[in-house]
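Labels run A, B, C and D following the written order; every chain starts at residue 1.
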């Protein structure tokens, strides 16, 4: 990281309302902090840093923090509205609700989340094409965990 | 990371409202923090914050942190080499060793610091003109406390 | 049954407290968290963590289906509910049981029994526990209220059967007041708890709040661990707690403990619980209510008895016998706890959420801190404003007070307003120093001084 | 005499510890500091602070003229020397006295008496304290050494009279070895202490290091507070300490305590002190040396007795009677202390100074931390590498060990290398768990495993 880059970053910060910038790349850790009053609380509840450390244990497969990089700008991430077990098909031998590349309509079921013996169908809210399926069949999911990436149509 | 880079960074910060910058690269950890708010400027390679809070109690009259603003660049600050009581004259009725405006020669006594009943003459190390006398007569001083500002001649 | 893995259905300092106890017992801990708590200490300390909903508690920490799902998916043996949230929900305890998960707490029936205040009072009265003269059940009309009040004597207190936290509670000093406030109290109770049922009790003007900690195992052993003095309250919220109480002699302790245990045995209670009493100036005590869970202020009892209450809860839930009896419980020294709240005394103690930008905690001998907060932590507007408990102990009360003063002086908290100045004023009050306490102490002796000193939260 | 103001002639955690005790006693605290410690916690906590010199200790914390000047200028009544630095300098204690300043410690004569190891050993022997069979005074020639060794039997230990920290110390198993090592030890002692005087003692192969804490007031009352087990050492530096010792029965405790008190009474000792013994596998104990000051490991005694040792030091120096006697001292529970050092196990435990960039401390029940370090603090290359002490207590040893394990797991330290991994290995060692300890435990059971796991300091 050269001086010019850092200078540029400092300038960018000065013109923004960003209070602190932290950058970690291979071998480099940069932190710039502006002089401002007390820090505001993070919005929207979602703070960075994946705190879910499960090490091969059931719950919490994909880390929500990874969400950002999974979806391109404009894409839709469908997240789990409850804690439970994710199923791609209505029954063990039935075909999956959707596959990558499928077009889905609003209200069309995408998967089932089983919670406390109840099967909850999770439906698409918008029209779109399935770009990614992020959780394997029969895996446990936590609240807010990304399940699908849809490309809006 | 060379000196020029660090100097440049310090300048960049000085012109910005950035309060703190931290940079870690292989083998290097740099942290720059601007003096904002109540913290006094660092002195003499010493760290800021006047830690001597005496509130009318004997020891430590002037606060070392004030030094920076007292001396202009190039001026010499004579500090106390020991803890004790500062006297401007060799005896209660004798005239002071030096007054503001006096020229002093190397080896010329500037004051006495009394420590454990012993009178220690503090001598000028360089030729100079006395610009400021920072401690009043018969005041206690701590180690490293600024006593005089001399203008080199 | 030895637990291998336990889910902690709570957040904040008590979740951290429970996780530490589990780890010390070699049991894996599963945390649950809301989206607002993703970075919280209890999540970091746990072996596994499951997000159960968005920030608001109703959708996360009170979301029973998601919490039970998390428990089933992680394969835990038991759930510890902490305090607040689901800890006194008999239905939750039942759901746990029906899923084969041990609820670390009393049987659902005991929770139910003690959850209805009027019913609990009547139950205790029949078990031989002293209760305040009162209506022996709900009062359903103004006329009945007036008749009861005439019998027990004024002043009287109108209380909501489903109540708690002072809501639906009114003091009446004359029949006129009673007529007016009876309806007010009913309306408030209806709004707060969905039930307008109220009952009457004799009002004690300056009572102490003194509570007895009990432990009961599944094998019929029930003991008490002495009392906690919790008189220092603001709007029915405890602020400072201590053990032992300066007003309780060994003889009174034994009598109060025995009374508490009569109630405990009568309702088939198991696990840790607290029987709260009002204590008047003559040393008479009256059952107030029973909390069927661990209390916020449990550390002061731990400090003077040397018994780890959360560990005992877990051991009892595993089916272990207590392994000691009443004679083994020795009170040694004195402990005081203060609750550190992010609230602004200058704005009528409004919660003051924000980021803790500086946090220096005192340490050294006799100082304990229970907190889930670190420098840089966010105090979320979604949850309780209490962010830490500072507990000191020393050989005697004077030593403990001196230690608390020094500890409060050392504390540095920046970024949020706190109640530290209020606590400092309490610790330097001569009546406090002399142990002359009542539930009106803070309103009568401290609040004005707080205003007088600018009413600002300090540090 | 009630002290109004006391100067703390030390730095780091013990300075903070003493300042806290002073504040709890309502006594003003004056800190001294070097230029390297301007931002240190002990400076911030004190009511006044005086800079006494540049970073190196010899010019600051050992600078007697500047320290005495600071004491006189700030008008203190007394000086507390802490441990290390000036704490065992009889001349410093005398200078304090001659300036009318109370030295918080024993009389200079007692410091002197116990400072010379050979003299102290002879003194204790005459007072009826068991000592190892040895030379009864210095050995001045190789021939004398051989004769003494023949009489007391091999293996023997050659020790420097002025010694400490293992310097000038050699174990000889045969006459040949003794001939060679005698001269080595003398040269090393000469270089380290300015005196080549050595003496001989019988060597115990796998001894425990067990020490008795004593308190003696100015009115003739002397008591002991039981023992501390300090066998876990690396290069004669204690690493883990606990109380009580797993090897000491109540009966042995009483005998060791009585032996320690015989020595204490004989030398007219006043204030807190520690009598160190070697304990062999048969339960025989032998006087090792006496430390005439507070010890680093004093907290474990505080945790199991409930007695604040630093406060007792100050009370005794004020002339107060202890106010309790031997029968009042009750050992309750079990406490363990570990020393957290900034040192790199991968580089042969070289000190690892630096900035602590992340610092999360465990908390909750039974956990105490004594430290002067916070996140952002600098660990200076000028001073000792110990930056914190982590102390746990529980009802029994197994509980304390479990608690320490969980506490070490929770600890997060970044920015400097530490010995935490070494401590974790100790806590999980089955011999440690079983209480089978000796002064060779770490070298025999831990160091190899540390290397085997990569030899890295963790977190």
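Everything that follows uses one rule, which is that a residue touches a chain if its C-beta (ideal position, glycine included) is under 8 Å from a C-beta of that chain, and two chains touch if they have at least 3 such contacts.
Note that the structure is predicted; figures quoted are calculated from it, not measured.
Visitor: Any chance you could name the chains that touch chain A and chain B both?
Guide: Of all the chains present, none is in contact with both chain A and chain B.
Visitor: Considering A-C alongside B-D, which chain pair is linked by more C-beta pairs in contact?
Guide: Contact tally favours A-C.
Visitor: Averaging over Cα atoms per chain, report the distance between chain B and chain D in Å.
Guide: Between these chains, centre-to-centre, one finds 38 Å.
Visitor: List the centre-to-centre spacing of chain C and chain D in whole Å, with centres computed as mean CA coordinates.
Guide: One centre to the other, that is 42 Å.
Visitor: Which whole number of Å gives the spacing of the CA centres of chain A and chain D?
Guide: Between these chains, centre-to-centre, one finds 54 Å.
Visitor: Going through chain C residue by residue, note those that touch at least 2 other chains and give them in order.
Guide: None at all.
Visitor: Sort the chain contact graph into one of these: line, ring, star, complete or other.
Guide: ring
Visitor: What is the complete set of touching chain pairs?
Guide: Contact pairs between chains: A-B, A-C, B-D, C-D.
Visitor: Where on chain D does chain B make contact in their complex?
Guide: On the chain D side, the touching residues are 30, 33, 35, 38-39, 43-44, 47-54, 60, 65-70, 72-75, 99, 355.
Visitor: Looking at the complex, which residues from chain A come into contact with chain B?
Guide: The contact residues of chain A facing chain B are 1, 3, 6-7, 10-11, 13-14, 27-36.
Visitor: Can you check the complex and tell me which residues of chain B touch chain A?
Guide: Contact set of chain B toward chain A: 5, 8-9, 12-13, 16-26, 34, 36-37.
Visitor: Mind pulling up the chain B residues that touch chain D in the complex?
Guide: Residues 29, 46-47, 49, 51-54, 57-60, 64, 82-85, 115-116, 140, 142-145 of chain B touch chain D in their complex.
Visitor: Would you tell me which residues of chain C are touching chain D in their complex?
Guide: Those residues of chain C that touch chain D are 16-17, 20, 23-26, 45, 299, 302-303, 306-308, 310, 332-333, 360-371, 374-375, 394-395, 399, 402-403, 405-406, 409-410.
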